[in-house]
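The structures come next, written out as structure tokens.
Common to both upcoming complexes is subunit A, partnered first by subunit B, then by subunit C.
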Partner chain A sequence: MSDLDEFKATYFDECSELLLELEEQFSAIQDGDREAGRLNAVFRAIHSIKGGGGAFGFDALVRFAHSFETLLDYVREGRIELGEDVVVLCIRSIDIVADFVAAARSGEALAADYGAEEKAQFDALARGEVAPAPDDTAPMEDFDIDFTPVAVDLDSARPAPSDGRALWHIDFLPLPTLYERANDPLLLFRELALLGEMQVTARPTSIPALADFEPFGVYCGWALELRSETATEAAIREVFEFVEGDCLIDIARQDAAEADEDAVPSFAALAELAKAEPRAPRAPEPEAPADLTAMLADALSESAPAVAAPPPPSRPAETDESANPGRPVGMASIRVDLDKVDRVVNMVGELVITQSMLTQQMDDAIRDRYQELVRGLEVLAQTTRGLQDAVMAIRAQPVKSVFSRMPRLVRELSGRTGKKIRLETIGENTEIDKTVIEQLSDPLTHMVRNSADHGIEDPAARLAMGKPETGTIRLSAEQAGGNILIAVEDDGQGIDRERVLALARKRGVVAPDQQLTEEQIDNLIFAPGFSTASEVSDISGRGVGMDVVLSNIKKIGGSVHVRSFVGKGTRMTLRLPLTLAVLDVMLVKVAGCPYVIPLSSIVETIQNSRADFGTMPSGGKVLQVRGEYVQVVDLASRFALETGEEEADRFVVLCEAEGNSKIALVVDDIIGQQQVVIKSLEENYERIEGIAGGTILGDGNVALIVDVQSLKSTNAHRTAA
Partner chain B sequence: MTKMRVLTVDDSRTILAMLHHTLTNAGFEVIQAENGQVGLDMLGRQEVDVVITDINMPVMDGIEFIRNVRATGRHQSLPILILTTETSQDKRDQGRAAGGTGWIVKPFDPEKLISVINKVVH
Partner chain C sequence: MEALGIRDDYHDSTAATSQNALQLIAFSIDEQIYGVEITTVREIRAWNGATPLPNTRDYVRGVINLRGTIVPIFDLRARFGDGKTNPTKNHVVVVMSVGDKWIGILVDAVSDILTVSRDDIHAVPEGNSIDTELLNGIVTHENGMVGLIDLAAVVAGARTDA
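Here is the complex of A and B:
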């Protein structure tokens, strides 16, 4: 990655955060919170987006952001009132900025007039009260030198000097403010000397007694003579750019022919100095006054502390941001590559395993003999667990990053359907592992779309039912035990169970005579094959249904549940693991080897002797559970292993794969439940059908993780073939 | 010779990264702060040769930061460059009034950035 790419990546990351901040602030502003800190925050955010965009030449983005920023600046200053229309315009413009950023990121070109309407509105608003905004949308210059010539260069009309080099007389007297701003005449002279050959003459004023020395007092001026071919007055003034107003300066050009003549200093002050102190023609370069005064200040501070004592540092003023809980004052953070964190997570995983291995090795004899060792191991166990939690916390991220994409979605849905929808978010600071967060966006988008599309009614229908015209979608996140619960609730019409059941029967998702509870019917919306493209509207569209939500969530070890109340609304809940690195599993044995099955996919376990097996006409074995026939896969024969176990002593583990489809796995023995750290097979060996990965058990043995989903699909494939 | 140490204060990670790149390439040691308050804390702990600060920042903005730095006795002669996209003169003037030594306008050209720093440090 080149440096520039890296900077761009940083910039785009930052833009995502800033856009998120903009969303949040404006959503609060829209709710009537007009606190000044919010306006400052939005201004800063747009300002930063513009600033970075300028650095990479994203001109369209910069132009739009500039107009947006100008408007916000006027609002901030109270020149434009922040009415409802302005807020709406701003919120729409955040989306446009987001699109510009996305386009810059992907390198796509947006329409040339993209955002032109909004930009025109900004400009019109800005013009409403002030003179037409200057068109400073042109690329900014690298250096913005606002140099205003103050002296007319009369000398330039004179004939050129004989050796081609003009002689410049510069009289320079610093003012105390020059030192107060940490400027240093010596550095200015050094800079000036780059332009040509220079002589410096010090012109000390009345130097006070040592005791009366002020650290930033001015006791010396300088006369400079610069011989240069190239120097112009502008170039000389540029050297003194930073001290403009902090010094008295006079610049005069003299032809080489007249160079020997004495220049007359134009400042009365300097003239007086000259009289008081005869000029030495070739005085050595003076000591830097800042250093000198600092030295004197040090020397003086002991004898006369009052002179050098600086004013006490004032306490930083309470700024409006200090109230912002998201950004505690002085919060320190570092950015770390995710790979590095993953490496730590992995090593901690190993440590946890080693630790539990050690603990398992401990028998009663050891316990009695080495009590110190046992105590040490107990402490080790505790510390290891603490370490594991701490490391997981590093990867945890607030769900905010996903939730923040929803307001825009709802706005768009609301605009397209003509429904009035308000989005509420609760618990957005709840933290989940980054890997889980990354997988969350699509399912959540789908669920919100579903709520807006099928849940919330038209305004007229809502009013007719005595509901408020505006529907509400509530997005919430909370931690419950080792899980995160994310719910999407709406106060819409609820699921039309008759219709769902009829459709499910028609599409063969449910057998014609199968009886279902209300809850089962509700959850049919996640069944594969339930929603079809023909039924999917413009919005929930893309030809995929809610079954995608379920399969995505299953992939990350979560589950989905829906509960609906007719006429009152629907609540969809996602249950997600806190992390993907650690998996809750059931440890089983097949042909003497340990295997683990993810707990999240297990429905129940049944002893073989009590299981109701049957045989399909094709010869395939099935298990009958509560009127349902489930395919049976014997893990021993599936993995081509010999089991010495009696059939009756074995167990069936009933598992659920994608889309509520089930599969019954036959194992030799069930050992228990535990947590394991997942190790990738692909990275260490190669992909194996039916195996999702490996793990190392407490006793140091390797166990393979059974991939329920792939067993189900390969088995279906075999049956079909 | 020990490296010159530059404190860069900006709430934009992009700008911080670009400054870091340019300055370390030019042989400076760079330390970073995301707002004025953090910058001030850093100055309290570490010796710095020059400061480059943004104006618009949360928690403590650049103006307040410069004012606070100048109020600290031992930093009265510390060069502080104001880094800003403000094309208008007033922010810069406020920065100078607070004690800013000079300024750099974003987006900055690496060579010019170094030359401006050389203009204010020994």
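Here is the complex of A and C:
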């Protein structure tokens, strides 16, 4: 990866974060929070996106962001009122900026006029209510900073009397962090000079000997005098916005009249001072070579037209640091490649297994003989568990990263359906393993779509039913034991059970004479090939139904539950494991070999001697359980293994495959439940039919994970053939 | 024998010694010596059982746990069509990398590290398709014949036949 690519990757990472922030800030603004800090944060975020985009030449993005920024700037200054329409426009624009960023990232081209309408609205807003600012006509101008030199000659700097311009005194003292972040005061001053006529005076605070000279040390502050008709304090502060916190700044305004009176004598006085004491900043270090120090001071006083009154007492950089002890010097967080974290997670997984292997080796004889060893192993067990928790916490992420994609989705959906929908989120700081989060986005999107499409009614229908016009979809997340519960609720019409059941019968999902409880009918919406949309809408009717949600969630060891209240709403709940790295399984034996079955797919276990088997014409067996006939698969014969176990001593494990279909697996013995780390077989070998992967047991041996779903489908295929 | 770990960095120093030299790990199956290029070998360990895989070819003995990674073990004798090895603690698994995958092959014993010249590699005589498929060539070493195993063919066969 070239350097540029790396920078780009970092930029896109940052963009994702900034877009999240934008989304967050604007939803607060939309809820009526008009705190100035929010606007500033929004402005900074857009500005950063624009700045980086400019550096990489993403012109379309930059042009749009620039117009957006200009609008925000006016809003911030109060020139444009932040009304509902402006907020809506801004929120839509965030989506467009996100699209521009995504297009820049993937290298795809968007339509040439993409976002043109919104951009025109920005420009109209900006133009319609305020005189066009110079940069409105040339939106890119501030990117190509090309300034004429600022006049610093004393005579010309002297203001013309009573020209009505206010005089601003700005004291600017950088802190060392300003230089560490690669900011250059010169650029700031140039920007400031655009506001009006400006004079800059260097105020060296303490010049050390050259030998002690730190490149990033602070040895000089500046006094600036700005004469301008238009400048406001906000405008001046804005120039320093990006160094906020990295400098000490003091802005004072003098009225035009008194400025004229004061300024002239003070300038004269300064000039006097400069003449009288041309080398004001004396070297504090006596042993320093005098001529070098003088040269430095000379250089400084040359660049400044006049040297201000005697420098304040020597203030080495360290005092600035110690004066702000609370200020974080380093970064509070670091970016780490996920691969690296995964490697640590895997290794800790191994450590946990090795540790439990050691514990298993301990028998009573060892316990009696080597008490110290046993104690050590106990401590090791605790530490290992702590380490595992800590490592998993590194990879844990708040569900916010998934939830935050939903407001946009809901906006789009409500735009397309004409329904009014409000989205509420609760518990978005609940943390889940990143691997789970990644698998969560699609199912959640589908569920929200489903709620918007089938749940929430049209505004007219809602009013007729005495409900508020705006429907609500509520996303919530909470931790419950070793699981995360994520719920999507809506206050819509609920599931139309008659229609669902009729459709399910028509499509053969349910046998004609089968009686189902209300709950069972509700859960039919997750059955494969089932979609209640009577006409295919472009929102949720994409040929895939909610069964995709179920299979995705099952894949990560979770479950889905739906509860519907007719006329009042629907609640769909996802129960997810905290992490994908660890799977809860039942350990079984078939012909002496260990196999594990994911606990999430097991319904119940029955001893063979108590099971009610029947024989089919093909010789295959079926199991009757609570009025249902379930296919029986003997894992020993299915895997071509020889079992020495008596049939009556074996066990039936009743499992649930996709779409509520069941399968009964016959195994030799049930060892117990445990947690395992999933390992891939395909990494070094190939996919094996009926096996979902492998795992390493406490004794170091490999156990195979039974793929319930594939056993079910291949079996069905065999029966058909 | 179990801890004869051979690492990547070993490769760098030996490859530079001579352009034409080829270093082999030699192992035996039924007294016949075979070899694989030393740079592909990752580890040599004693046979300690493997978890059998269902629904796969009989020359795949199963999978083992190699420090947290699941590695398939190919029974080379069975791959040659001479029936399954009846492994004891004295049998050896040579773990190597083929492409981006790690595999183990079950052999009777590891005998030596050989240095041969690339010029001494002879083509496999036409005849039996198993020979031409599984051997890359034959080299002579101290008047003995060493068959160069084509690891890719050993692994690939499992995929097409399965």
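Methods note: the second predicted complex is superposed on the first by the 512 of 721 C-alpha atoms of A that agree within 3 Å, B and C clash if a C-alpha of one lies under 4 Å from a C-alpha of the other, contacts with A are read in each partner's own complex, and residues count from 1 in each chain.
FYI, a contact is a pair of C-beta atoms (placed from the backbone, for glycine too) under 8 Å apart; a residue touches a chain by one contact, two chains touch by 3 or more.
Remember, predicted model here, so these are calculated numbers, not experimental data.
**Student:** After lining up the shared chain so the two structures overlap, which partner does A:182 touch, if you call subunit B first and subunit C second: first, second, both or neither?
**Tutor:** In the superposition, A:182 touches subunit B alone.
**Student:** Now for A:690: first (subunit B), second (subunit C), both, or neither, which partner does it touch?
**Tutor:** second
**Student:** With the two complexes superposed on chain A, say which partner A:704 touches: subunit B (first), subunit C (second), both, or neither.
**Tutor:** second
**Student:** Determine, under the contact definition given at the top, whether A:680 touches first (subunit B), second (subunit C), both, or neither.
**Tutor:** In the superposed model, A:680 contacts subunit C only, not subunit B.
**Student:** Let me test your reading of the model: by the given contact rule, A:241 touches which partner, first (subunit B), second (subunit C), both or neither?
**Tutor:** Once the two structures are laid over each other on A, A:241 reaches subunit B alone.
**Student:** Under the stated touch criterion, which partner chain does A:642 make contact with: subunit B (first), subunit C (second), both, or neither?
**Tutor:** After superposition on chain A, A:642 lies in contact with neither partner.
**Student:** For A:498, select first, second, both or neither according to whether it touches subunit B, subunit C, the two together, or no partner.
**Tutor:** Neither partner.
**Student:** Looking only at contacts as defined up top, I'd like to know whether subunit B or subunit C touches more of subunit A.
**Tutor:** B
**Student:** Output the subunit A positions appearing in both contact lists, the one against subunit B and the one against subunit C.
**Tutor:** In subunit A, nothing is touched by subunit B and also by subunit C.
**Student:** For subunit C, which residues are in contact with subunit A within the complex?
**Tutor:** Residues of subunit C touching subunit A: 49-56, 60, 62-65, 67-72, 101-103, 158-159, 162.
**Student:** Can you check the complex and tell me which residues of subunit A touch subunit C?
**Tutor:** The touching residues are 346-347, 349-350, 353, 593-594, 638-641, 679-681, 683-686, 688-691, 694, 696, 700-704.
**Student:** Could you please specify the touching residues of subunit B with respect to subunit A in the complex?
**Tutor:** Within the complex, subunit B contacts subunit A at residues 11-15, 17-18, 21, 34, 36-38, 40-41, 56-61, 64, 67-68, 70-74, 76-80, 85, 87, 89, 96, 99-109, 112, 119-122.
**Student:** Please give the residue numbers of subunit A that touch subunit B in the complex, ascending.
**Tutor:** 3, 6-7, 10-11, 13-14, 41, 43-44, 47-48, 50-52, 54-55, 136, 140-144, 146, 179-184, 186-188, 191, 215-216, 239, 241-242, 245, 288, 290, 294, 308-314, 316-317, 319, 321-322, 324, 327, 329-330, 332-333, 335
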